[in-house]
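You will see chain A twice below: alongside chain B first, and alongside chain C after that.
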Partner chain A sequence: MVNISQFLRRSGTRNAIIIILAILIIGVILQVANESTRTILDGILSILLTPEFVKAALIAATPLLLAALGGLISELSGVLNMALESMMLIGAFVAYTAADHGGNPWAGLLAAAIAGMLIGLVHAIFTIYLRCSQVVVAVALNLFALASTALSFRILYIQTGFVSAPGFEALRFPVLSDLPYFGIAFFQHNILIYLSLLLIPVMWFVLYKTSWGLTLRSVGEHPMAASTVGINVTRVRYIAVLLSGAIAGMSGSALVSASGINAFQENLSAGRGFIAFAAVIFGRYNPIGAFLGTILFGLGDALQIRLQAYGVDVPYQLLLMLPYVITMIALIFFMRNARGPAASGTPFNEEE
Partner chain B sequence: MGENSITTNQYSMQRDLPFSITDRDVVLELKNIVKKFPGIIANDHVSLKIYTGEVHALLGENGAGKSTLMKVVYGLYHKDEGEILVRNETANIRVPQDAMALGIGMVHQHFMLIPNISVIENVILGLKSQHYPLLDLDQAMKRVQVFANDFGLNVPLNTKVGKLTVGQQQKVEIIKALYRGARILILDEPTAVLIPQEIEELFKLIHKLRDDGVTIIFISHKLKEVLRVSDRVTVMRRGNLIKTVDTPNTTTLDLAELMVGKTVDLTIAKGPCKSGEAHLQIKDAYARDDQDVMKINNFTLDLKAGEIHGLAGVDGNGQQTLTQIIMGLRPLEKGQILYHGKDISKVRTFERIQNGIEHIPENRQTEGLIMGMSITDNLLLENFEVPPYAKRGMRQFKIMQEHAVELMQKFALRAPEPGLLAKKLSGGNQQKVILARSLWCNPTVLIAMQPTRGLDVGAASFIHRQIVEARDKGCAVLIISSELDEIMALSDVISVIYEGHIAETRKAKETNLNRIGFLMAGGRPEEAPVGPAEEITFLT
Partner chain C sequence: MSEDTNEKLVPPVKPKARFNLPLASIGLPLLSIVIAILIGAVIMVLMGYDPINAYSALWQGSFGNLVQSSETIKTAVPLLLCGLGIAFAFQSGAFNIGAVGQMYAGALAAIIVAGQFPQIPGPLHMILATLAAFVAGGLWALVPALLKIYSGSNEIISTILLNYIGIYLVDYMVSGPIKIGGHSDAPTSFPVVADTMYPKLIPHTALHIGLVIALTAMVIVFFIMHYTTAGQKVRIVGLNRVAASHAGIRANQVFLLAFFFSGTLAGLAGACEILGYQTRLISGFAPTTGYDAIAVALLAGFEPFVVGLSALFFAGLQTGAVAMEAIAKLPAQLVDLVRVLAILAVLAASSPRILEIARRLQGEDRKW
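And now, the complex of A and B:
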C-alpha cells in the first residue's frame, strides 16, 4: 500500500528529491558561471536587490493572485476549479478586445469578469447540476479556451496586426512614490494591482468573519451537514463558482496589463491558471497563503526575465521554466500537510 | 442562502411553553406515511402518534424504515403519501428548516457536524445573527450557556469539533437542535458510538430534557436500551409499523419477537474455550497511519489457537492500523509480528493470506468486496491466480463456479446464481461472501473487524456461529468491534485498546462492562471498577 504520496512523504525520499533538484539548478548556474566567467553570479545577486525586481515580481504575481483567490472561493465550496486557466485566458482575450474597442481598460476589466463568470456558469452547470467530473469539465474548458482565443485573435487582428490596447496607468502617490527603493517597488503600480492586494484582506474577512463565509466553508467541508441546517448547498455552490469565474476572469485583465504592452498573444496565460490552482493548495486554502504562493511564482518570473535580459548564455526556454520549477519545489515543502475542504471534488446529492 | 435561514430570535428555551402540556397531548401525528425508494417501500402506510413530553422509542432492525420515517418528519426526505400533523395542525415540511420552525430537531446517526470549524460555529451554522451578515459568536455563546449548564451539556465552545470525543460531539448536536428551538428531538441510534459511561450520561440527559417538556423520539435497534430509556415503544419491521406498546408492560423477548417477526433464539451457543499455543504474536509494535500519526504505540498482543480474543475500544484508537499491520498493508515502524514464532513483519500480504491469516475488513463495501464483480470473483479474490482456479495464466471458470456454488451452500448465501454482482446483494449476504472467503480454507488466524455492523439479527447470529465454529476448529480469532455486547458475548479473552496501546487484557469472565468502558475512555487499570462479569446471553 505504499502509494506515491506516502513515498513522497517519507522524509528521506523528500530530501533526496530536493537534493537532486538543487544539484540540477546549481549545475545550470555553474554551467553559466563557467562560460560567462565570474561576474554572472554577482550580477544575479545585484538583480535580486533592485527595487525594479520587486516591482516586476508584484506585477507578475497579480494575475495569479486574482486567479488563485477566485479558485479559492470555488474550492472552499467544494468544487474543484481546475478551469482557472480557461477563465484567465478567455478573460485576457476579452479584456484586451474590450479595452481595445471600448478605448478604456475598465471596459476590459468588466468584460473579463463577465466572460469569466460565463465560463463559471458552464462549469457550474456541468459539475453541480449534471454532476459531471469536475476534472474532465475543467480539461474541456481549458482546451476550448486555448483554441477559441487563438482562433478569435487571428480572425480579429490578422489584418490590423499587433495593437496595444489602452491599459491601466501607473499611479503616483505624493511622497510615497518618491521614497527611495520602496517608491519604485511598491508605490508606482497601477490601480488593478492595489485592488487585487486589497482583495486579500477583504476575502479573509468575508470567509472567516461573516455568516456567508461560514456557510461557504461548511458547504465545502460537509455539504450534508450544511443541508440539514437548511443551507441550500446547490445555490451556495453556484454562487461560489460564478464569483470564482468573475475574479479569475479579471485575472486575465491583469495578465494583459502585466504583459507591459497591454497586448494579447496566443496562449498568453501559459499555464498560469494551473499555477494559481496549485497556489491555492500550498497556500493551505486561505487567501494569505494563496498570496504567498503566487508571489513566489512572481519572483521566479521576474528573475527569469532579468536573466534573459542579462544575456545569460542558456537557452531561454530553460529560463522560462524557472518559475514553474520554483513552484514545484515549493509544492514539495508545503503540500505536506495541506488539507483541503473535505468534500472538495465530490458532487452533492441530497437524497443519498 | 439568506432568506431561508431561521433567525435566532425564534429560539425559545424558556420553561413556560407556547402550548400546554396535558398528559396525553399529541404533539406529532403521522397519518399513512408512504415513502418509496427505487425497488423498495421504506415506509408503508405508517401511522403513529407521539405525545408531548414522552420518550418514544422507535425499535426495529436495520432497514426497518425507522430512520427513513424520521427523515421524512425532518424534511430530509419527501413523503410520497400521507400527512404529518404537528400540534394538531397539518404541517407542510419540505426542507429541514420547515421542521426546525415547527420545533423539530434531529440528531443524526452520523453526526452532521463540520469537524474543521469550532463548536459555536457549528451551532449557529445557517442562522442569521443580529448583526447579519457578520457572525456574532459572543452573543451565541451567551445564549448557549443559558440552557447548556442546566442540562449538563458542558462542551468547550471554542474548540474545533474534530478535536472532541464522540460523546461530546453528540452533545454539540443536541445543543445545536435546542438552540434552534427544538421541542421535539429525534435521536437516531444515539448510543451506537458511545461507551457505557457515556450512554448512562445520555440517558440522564434524555430524562432531564423530558422533564423539561421536550419530546424525545429515540431510534434504536437495541432492546435493552429501549427498555431502559423509553416510555413507549413502537416496533417497525420492513417498512411497516407493527405495534406500539407501553414500555413497562413489555419484555425483551416480546419486543424481539415483534422486531424479527418470529420467535428468535438470541443466545450464542458456545462451548468452553480450549486455548492452545499462540498462533500470532505482536510484540512492542509501533505504526503510523496515513496522516503520519503514531496510531499503534508499544502494542503487544497474543492470539492463541482456539480462542476468541475481543478487542474493545472507541473507534479511531488504532484498530484500523492494527489490522493493516497484521495483514501487511502497512509497514511496522518498530517491533515484531510473530507467526508461529517467526517474524513475518516483512512478508507480503499475499503470502500472509496463503499461510492462513485471514481478514474481515471493517467496511465490507469499500475494503471487503469489489462491488462491480460477481460473487464468484469475490470469493476467489485471494486465490484466483493459483491452481486449480487458474492454470498457466488461464482462469478455470468451471472449477471456479463449482467452488462458488459449494461455498454459497455452506454459508447459506442467498443469491440466485454465483454470477450475480456483489453490489446486488443485501448487507448480510455481502458479509457472508467475505466470511466464506475467509473461512473456507480453515485459517489459523482470523482478524474480524466489525463483523456484524449493520446486519439484521438473523445474519448477525449466523456470522457469530461461524466464528465460534472456526474457534472450535482451532483458529485464533481477533474480534474488533465497537459493539461492546458483541465482544462480551463472543470473547474468551478481552483486551481494551486506548490510543494504540493495550490498556489491559483479561479473561472475559474476569471483567465487566463498566471496567471495559472505563478503560476505553482512557482510565488507568488500577482505578478501574472491578466486579463479576455480567452474563450477556443475547445480542441485539
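And now, the complex of A and C:
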C-alpha cells in the first residue's frame, strides 16, 4: 500500500501528471475556439503518432539541449548562466553569417562557438572578477545580444535581404533510415543533432567520472572548501563559463539549422535560452534531466507547428503560446525538489 | 573584522553605497553614458560615419524643439513607470523581468474597459480604465510571485514565460474577441471611447496626463523606499532574506507585495500607452518597452529620481534614433548598442570589486 503523498512524489507519477495536465491545457485552449474538443483531440493524437512529429520535436529540442548543457557546466561551477539567451542569439547570428560567407555550415558552428565563448568571457569578467550580480549581468548581456545582432544583421543584410545560408545536410544511414516510423523519426537527422545527443553521455562522463568534473562540482558546492584543498576556484569558474559559452554558442548554430531554412531573423531565439535555463533546473542539474526537459519543450513546439499545419481551427496565436505554457507547467511541478549547487549564484571572494 | 562581516552580509547585488558621495548616484550613470557615447562614436568612425553629425542629428530629433521634446517625454512615461516598478522589485531581490507581460495585461484591461460602456461619464470611465490596468498588471505579476512561494519556481523564468504568454494573448484578443468590427484584416482592437483619453497637458503636443501619473509614482516610490518601514523592509529582504526573517519580517509577504506593486506600475504604463495616445490596442504595441525599462532601472542603480533621468535618456535615444537614421543615414539600432554599453559601464563601475578598490584608495587618501 502506497500512500498518496508517496505516490505523488514518484517521478514517474509526476511525469504522468504533467503530461495529463498539458493535454488538459491544450483541451482548454482548444475549447476557447468553440470547436468540438473531441475531434481536435483526435487530431492531436494522430499528430502525436506520426514519425514526422517525433522528428520535428527532436529538431526543435536540439538548440535547447545544447544551451542547457552549456548552462549546466556553468551552473555546476556556481555561476548562474542566465545569459544563455544572449549566447544563443549571438551564436545564431554568427553561425548564419559565417556559414553564409564561408559557404560551409562547419565554419558557422566554429564561429558560433567562438562568439559564445567571447560572451562567456565578458560574463566571467563581470561576475567572477568584478563580482557583479550574475542575474543583472545576464540581463544586460541579453539586451546587448538583441541590440548587436539586430544592428549587425541590418548592416550586413540590408541590401541582400533574405538569404538562406548553407546548412547541415540530413544524413542517411543504410537500412536504418529506411525503417518504418523509426527511420523518419530518428535516422534522417543532420550531423549536428547526433553530435548534440552524443554530448549528453560525454558530459555525464566528464562531470561525474573524471577528476575535473569532481573539481568543477566541488567549486559549485563549496568554493571555500575547494579553495582550502588547493583548487583555484577562480580559474575553474572561468574555464566553466568559457566552456559554457562555447556550447551555448553552438546552440545558435542548431537554432539556425532548426529554422528549416537556415536563415536568421531578429530575436530568433525568442526566449529559448531562458527555457534552456529552466530545463537545467527541472532536469535536476544533470545532463540527462536537462535533455528530458528540453525534449518537453521540443514536443510542445513541434505540436504547435503540426497543429497549425493540420489545419485545426484554433487561433494560431494560442498555439504559439503552447510551448511556453508547457514549460510553465513543468516549472511548477519540477522546481519544488530541484536542488542546485549550494554556492550557485554567489560570487567567490578569496579574501573573505 | 567588523567590516568584514558587514561586507559578507551585503551581497554584491546592490550598487548601493557608492564612494559615499551624495552625487555619486547621478554621477556614475552620467559617467557611464559619456563612456558609452564615446565608444559609440568609435564604432561609428569604424563603420565610416561622422559621429558629430550623427549625435547632433540625434539631439535634434530628441530635444531639438517643443514637438520633439514632447515626443521624447511621452516615450519616457511608460519607461519611467515600468522602470520604477522594476527598481522597486529588484531592491527587494524580486527579479521581475516580466514588465512586458504586465504592461500588456494592463493595456488589455484598459482597452476592454475604455473601449466599451459608453454610458459611463467620461472622467469616471477614464479612471476606471486606468484602475483596471493597474489591477491587471498587478495580478499578472502576482502569478510568478505566488509560483515562487508555493512551488519554488524561479521568478525570472516564469516572468519571461509570462511575457510571451501575454504577448500571444494580446495577439489573440485583437484578432478575435476584441477585434474591431467590419472586414478589416488588420488585427486591431476597437478604439477607446473618446472621452476616456488622457487630457493633453500642452495642446498640440504629445504630452498627456500620463506624465503626471508617472512623476507622482516616482515621488511615491522614492518616499516609500526611503522614508517608510515598508521600504526599509523591502531593502532588508533584498539584502538578506534570512536575516530579514530573523528580524521578524515576513519575507514572502514582502516578496508578494514588491511583485504586485511592480506589476501595477507596469500595468499603468500599459494604460498610458493606450489611453495616452494609441487609442486602440494592436498586436506588438510596445514590444520592447518592458525590457528597455529593465535597462533604465539598471542604469539608474534603482534610485527613483535617477530612474526618471535614465528613462528620459533612453526615450531621447529612441526618438532621436529616427532622426539620426533620416539625417545622418545611420542604422537606428546603433543607439540600442550605445544604451547597452552604458549599462555595462555602470555595472562595471558599481561592482563590488571596483568599490573595494575605490574604498582602498580613499582610505589611503585619509592616511595621507
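Here, the second predicted complex is superposed on the first by the 315 of 352 C-alpha atoms of A that agree within 3 Å, B and C clash if a C-alpha of one lies under 4 Å from a C-alpha of the other, contacts with A are read in each partner's own complex, and residues count from 1 in each chain.
FYI, a residue touches a chain if its C-beta (ideal position, glycine included) is under 8 Å from a C-beta of that chain, and two chains touch if they have at least 3 such contacts.
Source: prediction; values computed, not measured.
Engineer: I'd like to know which partner A:288 touches here: chain B for first, chain C for second, both or neither.
Structural biologist: A:288 contacts neither chain B nor chain C.
Engineer: For the three-chain arrangement built by superposition, which of chain B and chain C touches the greater number of chain A residues?
Structural biologist: Looking at chain B versus chain C, the one contacting more residues of chain A is C.
Engineer: Quick check for you: in the superposed arrangement, does A:170 touch first (chain B), second (chain C), both or neither?
Structural biologist: After superposition on chain A, A:170 lies in contact with neither partner.
Engineer: Is A:198 contacted by the first partner chain B, the second partner chain C, both or neither?
Structural biologist: Neither partner.
Engineer: Once chain A of both complexes is superposed, is A:130 in touch with chain B (first), chain C (second), both, or neither?
Structural biologist: After superposing on A, A:130 lies in contact with chain C but is clear of chain B.
Engineer: Under the stated touch criterion, which partner chain does A:236 make contact with: chain B (first), chain C (second), both, or neither?
Structural biologist: Only chain B; A:236 stays clear of chain C.
Engineer: Just chain B (first), just chain C (second), both, or neither: which does A:154 touch?
Structural biologist: A:154 sits against chain C, while chain B stays out of touch.
Engineer: I'd like to know which partner A:146 touches here: chain B for first, chain C for second, both or neither.
Structural biologist: Second partner only.
Engineer: Under the stated contact criterion, what part of chain B meets chain A in this complex?
Structural biologist: Touching chain A: residues 1, 4-6, 74, 76-77, 95-97, 100, 106, 108, 111-117, 121, 124-129, 132-135, 176, 180, 290, 292, 324, 329-331 of chain B.
Engineer: For the complex, give me every residue of chain C touching chain A.
Structural biologist: 4, 7-8, 11-13, 47, 90, 95, 97, 147, 151-154, 156-158, 160-165, 168-169, 171-172, 175-176, 291, 294-295, 298, 331, 333-334, 336-337, 339-340, 343-344, 347-348, 351-354
Engineer: Touching residues of chain A toward chain C in the complex: what are they?
Structural biologist: 82, 126, 129-133, 135-137, 139-140, 143-144, 146-148, 150-151, 154-155, 158, 270-271, 274-275, 277-278, 281, 315, 317-318, 320-321, 324-325, 327-328, 331-333, 335-336, 338, 346-347, 349, 352
Engineer: Which positions of chain A touch chain B when the two form their complex?
Structural biologist: Chain A residues touching chain B: 1-2, 6, 9, 209-212, 214-215, 217-218, 221-222, 224-232, 235-236, 342, 350-351.
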